[in-house]
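Let me give you the structure first, and then I'll get to my questions.
Going by the order they are written in, the chains are A, B, C, D and E; count residues from 1 in each one.
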Amino acid sequence: MSLLLDLALVAWLLALALYVTSARGDRDAIVAFIAFGLLLGLGWTRIAALDVALTEAAIGGGVTGMLLLRAEAHLRKRKPGGPSKGVVGKAVTAVACVMVTVGLMLVVLAFPSPAPTLAPAAAAALPATGLGNPVTAVLLAYRALDTLLEKVVLILALIGVWSLAPDGLWGGAPRLRPALVPEPLAYLAQMLPPFGVLIAVYMCWVGADAPGGTFQAGTVLAAMWLLVMLAGLSPEPETRGKALRLTLIAGPALFVAIGFLGFAMAGGFLSYPESIAKPLIVGIEAALTLSIAATLGLLVAGPAQMASGR
Amino acid sequence: MSVAALGPATLFGLCGAALAGIGLFVVITHSGLLRRIVGFNILGAGIFLVFGAVARRGAGAGFGGDPVPQALVITGIVVAFSATALAVALLQRLFDLTGRETLEAAQEHSPRSEA
Amino acid sequence: MSPLATEPAHVATPGGVLLVLAVMLPVVAVLLMLALGPRWTRRIALATLAIGLLVTIAILAELLRTGEALTYVVGGWQPPLGIALRADGTSVAMLAMTALVIAATGCFGYAQQQLDPATSHGRAPTSFWILLMAVWSALNAIFVGEDLFNLYVALELLTFAAVPLVCLDGRAETMAAALRYLMFALLGSLLYLLGTALIYGSFGTLDISLLSQASAEGPVFPVALALMIAGLLAKAALFPLHLWLPPAHAGAPASASAVLSALVIKAPFFLILRLVLDVAPPQSAAFAGQFLAVLGAASILFCSVMALRQARLKLMIAYSTVAQIGYLFIVFPLASGSETLPPWGTIAWTGGALQLISHALAKAAMFLAAGAIAEAYGHDRISDLGGFGRALPISAAAFGLAGLSLMGIPPSGGFVAKCLLLTAAVIGGHPWLAATILAGGLLAGSYVFRVVDRALATPAIPLAPRKPIPRRLELAALVLAVAAVLLGLVPLQPFAFLQIGRPDSLTAVAP
Amino acid sequence: MVAAVAEILTGVALFILAVTALGLFRVLRAEFAVERMMAVQLLGTGGAAAILLLGAASGTGAMSDVALLLVLFAAFSCSAFALGQASPNVDGSERPEDGA
Amino acid sequence: MAATEAFTLVFVGAGAVLFLAGTLGLLRFPDTLSRLHALSKADNLGLGLVVVGLLPQCESVTGALKLVCVWLLAQLSAATASQLIAGAVYRRKPGP
């Protein structure tokens, strides 16, 4: 039965992906992609990767979808039908892509058995971190440098997005709220965020020992913030605002600071003293959650579209 | 290999390979940049699934999967999202400036009337 | 199966802390700039430039003092679980080159912004400084990275810093160029990531030195390496994947172009070099080397001709970049080494490294000189620049000196590099590569002389600059060009500095 | 839990997924663009039900977290879509820098 | 033990039937609004039954609370999202 379920899931994922290639309009493709993201979240649970499933449902099915839908709405007045590849070109590409797929499949089937794994090493080192969730341990202890640099990547993407604003509007606020907010949206924006914030706090808290963590919590918070801004319940912040910028850097800054404190307290950069490793990591996660929420929300909101008030 | 011998790890690994192929197809054949961005995301999802298969195969020490590749995938998903955001912002700005949403027609299209 | 070594693969050295500083210092600067806002941005950037230069000098001194690679194990977590940073002689040379070019570009950017104080806290200048710092951090992380996934994150950091630099002036055509660059870079990143997934699936580690000891069987390893190299080629803009480069590098502001052309595309090349020579099994490496050399030779010939045909100065310099990158790729078959001689003991290795560094210095100098010219005249059409050498003697001199290096005329770093490569090609029995090197030099001579000829021309109506250009704006280019020439003082033999900390020299010490 | 019950719960999850898939492809072929967004709503509910069942079948409590996020983000994406759809005249006014 | 499992199976089975009913409605009903109605009503009731059925299987109070939370969220989102969609449909074509 399990195998049947997996097969059905895979078939469905592939069907949705194929729908994206053949859909006439971009919006249909994006809707299918959102459905694809949600379904992929389900798929990740089938290979025992709950942390990834949470992330995929939140980012793949949630904020990415929002980002693309907004872009589609923005581009809606375009000229219809760009130049597309001819039938021959498409056929050649299709053959090439099928070959790539078959090659990759052969490689996947040729993976060595027994599979090499770092699971025992990760488990052995887990007590030193005080954590219960090995994925969080990898993200915030063993490979903390990756996570730190990736936070910088997020912030940098935001700076890149902001730098695309017209000169006169730079430092102003992005614009999310439509001219007309439908009644149900305002209702949703009042009802959903309390749930969302609760879920985010729970995710962040539980992430040390169970699936969840700072990414998932941050994404949920970002979504709630976006919803509130969309419904016009809270104004879009000016990108030059001090408080906003401090929120953006708080997480990474704390991460770097504790990283350097490692020189004094423990063996070196990004190493935590064993006795207080867990509180330090949870603290970093809490700060990162806020920063990630702000960064993701602003990435979806896009560059400034309204001139700064000051 | 018989179907019965297919574990979920291999199955989703194969699914990842197929998704990567489909994503690549979208990226190459569509000229609309928004669709291409969606294609990049599908390609990315396929690659992450291959990583997921690797993680699942490495189950051990009481974990359902190797945590290291799982963590790498989470990092990768976030990076992919920031790439999407940057690409979308560039595309919107390009559209605002020229009314275009493709790269191919760069030469022959005239700028949109500024009225 | 798993290459888990009983003894740790990396032993942290005392100087390793400096590597952390090299990577993290610009990151701290980025965070500070974001927190404190536009008024502080430039001050923070200049302070970081100064401190970063000191850190680089300290790394250099430490390497020369100990004579072995600097290593740091982040957080004390040994690979394969954790991440290591390592800088051998070649890496340190890259770090030093990066610091020099970034500092010179920063000085140029500073001088340029002072020409127009009204906008110096505006969008473009502020973004420029933040992105410059991010580029620096990413490059340092790539040059000292030992972990393939860590390198992926660093590559993405580099991409996200470089793409907005391309379209900093906000014109529509630079938006299109930036988008095309982003598309190529994303495809490249994803291919690289796929390769990483396959490598982890078959070895259970992503650490380069652990991988180099792993025994490779089956099809997975070559496929993974091929995917990664293909992805990196798209980022390095080797022919025929170079289409995105000329509009992107020519459209960016001069200081951004200098960084993009001199440094950013060197990072993927450096990674290809490490993959082919440090990770790939010998047969795969030999095959990949042949293939890359063919593409490199095609790059040299095709793009040199394209450069010759450009009407605009910056486009010409951008095409010249693709051509000069080609030289780097013909190093692979020439530096294949032998039983007794590792690749880094060959003259081709030294030649390739010198070509990389001298091109970085010369190309940055050229773009900065072109920036000064564009600042003075408001355009960069080569045919309308007759006599610019009179008004901008320093820029003209910098352009000419940098040109010497590109052409490979003594005395210059480019001469030594191309001479070593030519010798290696002749000795190794690669007549076609030798011919390509010579032809590339001639073509480079033609396009450089086109500009120098304009500089020295005496038009009937003297060309008057639109506004006076302060000397300090031109100095940065001259400093870089002189540095490129001074590289020519390196003796014509395998350079010992570049071999410090390479694997085989380690085993020679401890058998 | 008895193995047979777990098997039945997995089967029900498969059934719900299959039924949802059927509905999904009907919705994606709908004539009105708005209606296609029902696909996401459909998947949120059906997917959450399937995940809860699978979680109960495998005894993994954390699965309900995934279901929670699935429902949450289905609602979120839905609102985003309906928004762009509800007021087609918004597009023009959404770009104040257009004339600049 | 057997009683709770029988309870679970009955409710879960009923939920599955409702999901089927919702989809059948989606396939058979002629216009958008009634399709929407069929879908949101049936699916939510189906999810509710599944949740009720699974409640006895929860090991902890938090687990049960999360299940209820899933259902509440689904209710909320279905109510608003289908109204949003319906509103959009209504504006699109005057008169159902």
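Criterion: a contact is a pair of C-beta atoms (placed from the backbone, for glycine too) under 8 Å apart; a residue touches a chain by one contact, two chains touch by 3 or more.
For clarity, every value in this text was computed on a predicted model and none was experimentally measured.
Determine the set of chains touching chain A that also touch chain E.
D
Within the chain touch network, how many edges lie on the shortest path between chain A and chain B?
Tracing touching chains, the least step count from chain A to chain B comes to 1.
Starting at chain B, figure out the least number of steps needed to reach chain E through touching chains.
2
If you count the C-beta pairs in contact for each pair of chains, which pair comes out on top?
Greatest number of C-beta pairs in contact occurs for A-B.
If we define chain centres by averaging CA atoms, which chain lands farthest from chain E? Would you check?
C
Mind checking the centre-to-centre distance between chain C and chain D? Centres are C-alpha means, answer in whole Å.
It comes to 46 Å between the two C-alpha centres.
Report, in whole Å, the distance between the mean C-alpha point of chain D and the mean C-alpha point of chain E.
About 11 Å separates the centre of chain D from that of chain E.
Between chain C and chain E, what distance separates the C-alpha centroids? Give it in angstrom.
57
Once you find the CA centre of chain A and the CA centre of chain D, what distance in Å lies between them?
18
Check each residue of chain D and list the ones that touch at least two other chains.
Residues 37, 44, 65, 68, 72, 74-75, 79, 82-83, 86, 95, 97 of chain D touch two or more partner chains.
Scan chain E for residues touching two or more other chains and write them down.
If we look for residues of chain E contacting two or more partner chains, we find 69, 73, 76-77, 80-81, 84, 87-88.
For chain A, write out the residues touching at least two other chains, lowest number first.
Residue numbers touching two or more other chains: 2, 46, 70, 72, 74, 104, 107-108, 111, 115-118, 122, 142-143, 146, 150, 153, 156-157, 160, 164, 166, 182, 184-185, 188, 192, 195.
Enumerate the contact residues on chain E facing chain A in the complex.
Touching chain A from chain E are residues 69, 72-73, 76-77, 79-81, 83-84, 87-88.
Show which residues of chain A lie in contact with chain C when the two form their complex.
103-104, 106-108, 110-112, 114-118, 121-122, 125, 141-146, 148-150, 152-153, 155-157, 159-160, 162-167, 170-171, 240, 242, 245-246, 248-249, 252-253, 256, 259-260, 262-263, 266-272
In their shared complex, at which residues does chain A touch chain D?
It comes out as residues 1-2, 4-5, 8-9, 12, 15, 19, 25, 27-28, 31-32, 34-35, 38-39, 41-42, 45-46, 50, 53-54, 57-58, 61-62, 65-66, 69-70, 72-74, 76-77, 166, 168-169, 175, 178-180, 182, 184-185, 188-189, 192, 195-196, 199, 203, 206, 210-212, 216, 220, 223, 226-227, 230, 305-306.
In the complex, go through chain B and note every residue touching chain A.
It is residues 1, 3-4, 6, 8-26, 28-32, 34-35, 37-39, 41-42, 45, 48-50, 52-68, 70-75, 77-79, 81-86, 88-93, 95, 99-102, 104-105 of chain B that touch chain A.
What residues of chain C sit close enough to touch chain A in their complex?
It is residues 1-2, 4, 12, 17, 20, 24, 27-28, 30-31, 34-35, 37-38, 72-77, 80-83, 122-124, 127, 130-131, 134, 137, 141, 149-150, 153-154, 156-157, 160-161, 163-164, 167-168, 170, 175, 194, 198, 201-205, 218-220, 223-224 of chain C that touch chain A.
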